[in-house]
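What follows is a pair of complexes built around chain A, which joins chain B in one and chain C in the other.
Now for the complex of A and B:
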């Protein structure tokens, strides 16, 4: 299966006798590369040809994906060496597609996904069929699921990015100040974060949305309450180590003010691990937002979100599983991709991970 | 001992104070008059006045907080606004056992599965088993719980025949793989590895056939209380799927964490010396390596129990179980504020107390912390 594993490492290119080895290397990779178009072809046929049985189409999708993945990995390894991580780049590609689709949702040729009145003439609960008006099917009201998923991505990204930005700014500054001054600011900081973390995350969110009127802005701020203590503790822990370093001592002995030390010396260093954790927090917040919509206490129709689409489909999951699983799969792949990117970012930029 | 516990308990008091204050102030966040939010715009002034009295909105803020806190401490969490009215304390008493049972069962199941899995993957670090379980854990951690629950419902409840046969195939393939491995174990005599694999294969086969034969119909919603007289089996049938969903995530988190710690322990000198003495691998893993590696697992398990108590909200809603989470989430849309406040206060208090308990257990288990040297 893994033809490339038996190959000599890339370094052997520089050694003697490489012509033969390199020749076989390339030949094998060339064969594996063909799996990419082959796999994509199988997926496409399975997706389009509705005369085949459902089981066969699922099998074709699975086999096609495996083949395409191997082909993609072979191309990557050939170009960028054996360190190439195909999963990471697929994740980056997926997140890029989701972001682009969410940004340009308004100019994409999508069927009606928001206004039920305009969708009155559309068939309801139609099965997904590629190359039709509704590539991913329609829901109870005949609203287009592809459109709903894309507008839902817009809400998910808006809410989670806004929340994480507030979390980084507020938590980061508070944590850095607490970690640099210690003493009373640190005590107050610890007290507030402890209190916020004293609620189970979802229960804290439920308590807040019980009192507010859920809109994109209020939900973002509620979610920011989850991000602030985590980001704050992270910033404090990093500040504690950075404050011991020579460059801070040097700045202080040059007569730099405390504000200058915090904003020009510490924060530029602290922000990097915070950003690497931001991915993981964004993934968590996407799930949290969807959970609220799913429980019918978050953003609700007519605005489509992944959570309220899944909630609307769950009654009919037996006969019309696509209404649950299409938004579900999109959401899962997005969360998984962001986690994957976050892991890579953390290994690279978080000083504590890197030292391990 | 008291010297390490006392500051932790003292630290708890201000946190609980802020928790109660935060929960209480929820009502102040409500835009407009909470009584109108509950009754709707068409309510008559007399109705509004009754609800305002019941919420205590006629008194100043500080008075209301003191009265509310005093009542809460003595076990009176107020009365629900919705008809039929009942005290929140009664509602909590009905809901709490269900949530606690789900959380405790999920935690037990996840520890029982995660510890052997972690030992196996740590011992076989970097092999296919390790990589597959690592990838699986990453997938499960990214799977939102409500989606996992709906996937399980789709297969277990709505397509039972398919699921049953898939499990049969998996069980038989597993049995076959174990048999092949035991044949491959080399030599002619019955060596311990071979005997273990044979016994394992037999047990797996028996279990698969038993499960296939006795496969129950899993209920889509509902719950059978242990005290209802339907027996433990009926209770298990209703809790199986919810507990499975709850335990899945915890297994992924626990097993990866314990694996990392075990790998660090396994590279220590005392493990090398144990191995040099010829102590069998499974004894090294269970008796020498597990204990020093389990500290962060214990912390996480305690946090996990708290998270499970809060996280059953979604599971209870999907599976129609009248637990704490559903009590809170279900009454948000009806604006029944006393229930939401009371439920949140109880959950948060249990959560804080559990974390304290874990802190104490942790310092009890690790002598370095007990003596205050860390």
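Now for the complex of A and C:
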């Protein structure tokens, strides 16, 4: 009786204490949250007001960005707890924007970015100006750089997704078959993947591209050659561990055919780690595709790609840096974001990483 | 093989026995040479009977049944001889068409570890119905209905919900019940249970063994129960084969084996079971040493180095499996337990404190001899 009497006040005191602490916490966050609009405001002013000096505008962008980031992090932590990873969600947001822009490029109100004849009347090498016909400026021939970057994103995504899909399907099946049967299929598989990996990737690509007419499809297939051996090895390694599990033996003891075991028992297990690595391969392939375009052996004008836009601007980089930096930064942020997402996906889905 | 008597389980009618294994030899190619994992094993089993195969790890019991089921990795396995007949038909010469609906329908198997014997990314329902649909040609809905009944039969509660769950959502005991449901789906005539309870805790162990016994009786299946624990086969099998180093060293019906064991290895296994009548903290009697290297097995009795009865003869000549007075009881030993020769051999060894193979005998043996 005594004990139960003395409990409630203690409980209230404890609760009250926590409430106070919580409250201070919340107040702290509330203040930090204001940094988000503040930061965005600074960035916007810096971007729009051309009367300010360049140095000041760069500084404003940097400061604004840092403030906005802190504010965003505070909002995230308040809503989803301290595990909230603002970098990851910014990456997801960026990739979502790039993908949506690429998908809906045709209905976006963009200035001419493809056909030089239609851009004859546009100013060339115009500096970026946020609220104008050309928010990110124009290139040598007056083509809109924002439009070019968006159409370029379309090419990058098409090529890399197609290539990684081919890589997963071909590499995944070949690797699973090799890992399950071992013996001669495994030897052949090992020889082919080792040979493909022995070439420096760019040299291999140049050799392939030299023999074909570069279109989205052929470049995709050429890039798939880079994805296949990596995916194949990953599939093989995973198959080796899964094939030792008793469920494969159990399936055999129930009369399952080899095809059934590979396609119904093994591949559903192997495909998860492959998908989590797919992000990393996509990032790699975007860079590879851009390299080919940059070297003028990939997809070339009139189709804009990040690689050929950078190549076009490189001669005048000193006087008109935006022609190189805009597509360059977009590519950098995109590849970085995809890698970031890929890391998170791998931690979540790859059994080997997860068990570490 | 003429020197190996055929060990017979149950009563042989006019029909060929359910499974007849004769002189089975299964070797593996290893880096060190040929490993004789199973070296001349023979037994038969009739419908509705249960045979226990007992032995320590590496004695060849799992390899024996996996060899029967054709589950060994083909690249390293050598089928060095012997025959496996199912209802009089050789399993080695099964045609492709016959084999298609043989495994899983005539014979099925349960594995040791329910944690790995279910596919982690496939729902329970699909795993059970896969065999039903493939072998029995049931529709998706019929197979689901039948899966539901099967889960009920093996005692999985809330079967309907379980069908749509993944293996990781089930406990070990539940998973083993699911693997039993999968194995029994097509009502096989012979069920092989390879240490079905080793990975489970003791209370669940008993439930699973009781369930298996119950289902086996109900469906009139033949069953091979593999275990390293003599305690598991007691009361659950009609006959027991004790394996050591790839051979059967003693074979008898279960009661005879426990009442009147002849092989020192069987005795040693028996003594290693904790007994309820012993006071607590009684030390268990372990079997000294390790099983022999099967790449280079001794020419003499394989158990001699660990045997308390070992005499000079045991180090010269490998004993053959022979019948005792009881035709259903056979064993491979020169100095069988419970015979005058055996008693004498043990007395001689205790008197000198060591066996002919150099195994030192401790106080325990002297006390037993009194």
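Following the convention adopted for this analysis, the second predicted complex is superposed on the first by the 340 of 356 C-alpha atoms of A that agree within 3 Å, B and C clash if a C-alpha of one lies under 4 Å from a C-alpha of the other, contacts with A are read in each partner's own complex, and residues count from 1 in each chain.
Basically, a residue touches a chain if its C-beta (ideal position, glycine included) is under 8 Å from a C-beta of that chain, and two chains touch if they have at least 3 such contacts.
What you see is a predicted model, and the numbers here were worked out from it, not measured in a lab.
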| item | value |
| --- | --- |
| First, second, both or neither for A:310, with chain B first and chain C second | first |
| Which superposed partner A:296 touches (first chain B, second chain C, both, neither) | first |
| Contacts of A:60 with chain B and chain C, given as first, second, both or neither | neither |
| Which of chain B and chain C A:91 touches, first, second, both or neither | neither |
| Greater chain A contact set [chain C / chain B] | B |
| Which superposed partner A:323 touches (first chain B, second chain C, both, neither) | neither |
| First (chain B), second (chain C), both or neither touched by A:157 | neither |
| Partner chain(s) touched by A:335 [first = chain B, second = chain C, both, neither] | first |
| Which of chain B and chain C A:345 touches, first, second, both or neither | neither |
| Contacts of A:222 with chain B and chain C, given as first, second, both or neither | neither |
| Contacting residues of chain C [partner chain A, same complex] | 69, 71, 75, 99-105, 107-109, 111-113, 116-122, 130-131, 134-135, 179, 182-183 |
| Complex contacts: residues of chain A adjacent to chain C | 182-183, 245-247, 249-256, 260, 264-265, 268-269, 272 |
| In the complex, chain A residues that touch chain B | 191, 194-195, 198-203, 206-213, 283, 287, 290-291, 294-297, 307, 310, 314, 317-318, 321, 324-325, 328, 331-332, 335-336, 339-340 |
| Touching residues (chain side chain B, partner chain A) in the complex | 11, 14-16, 18-19, 22-23, 26-31, 138-139, 141-147, 150-151, 153-154, 158, 306-307, 309-311, 313-314, 317-318, 325, 328-329, 332-333, 335, 337, 340, 344, 347-348, 351-352, 355 |
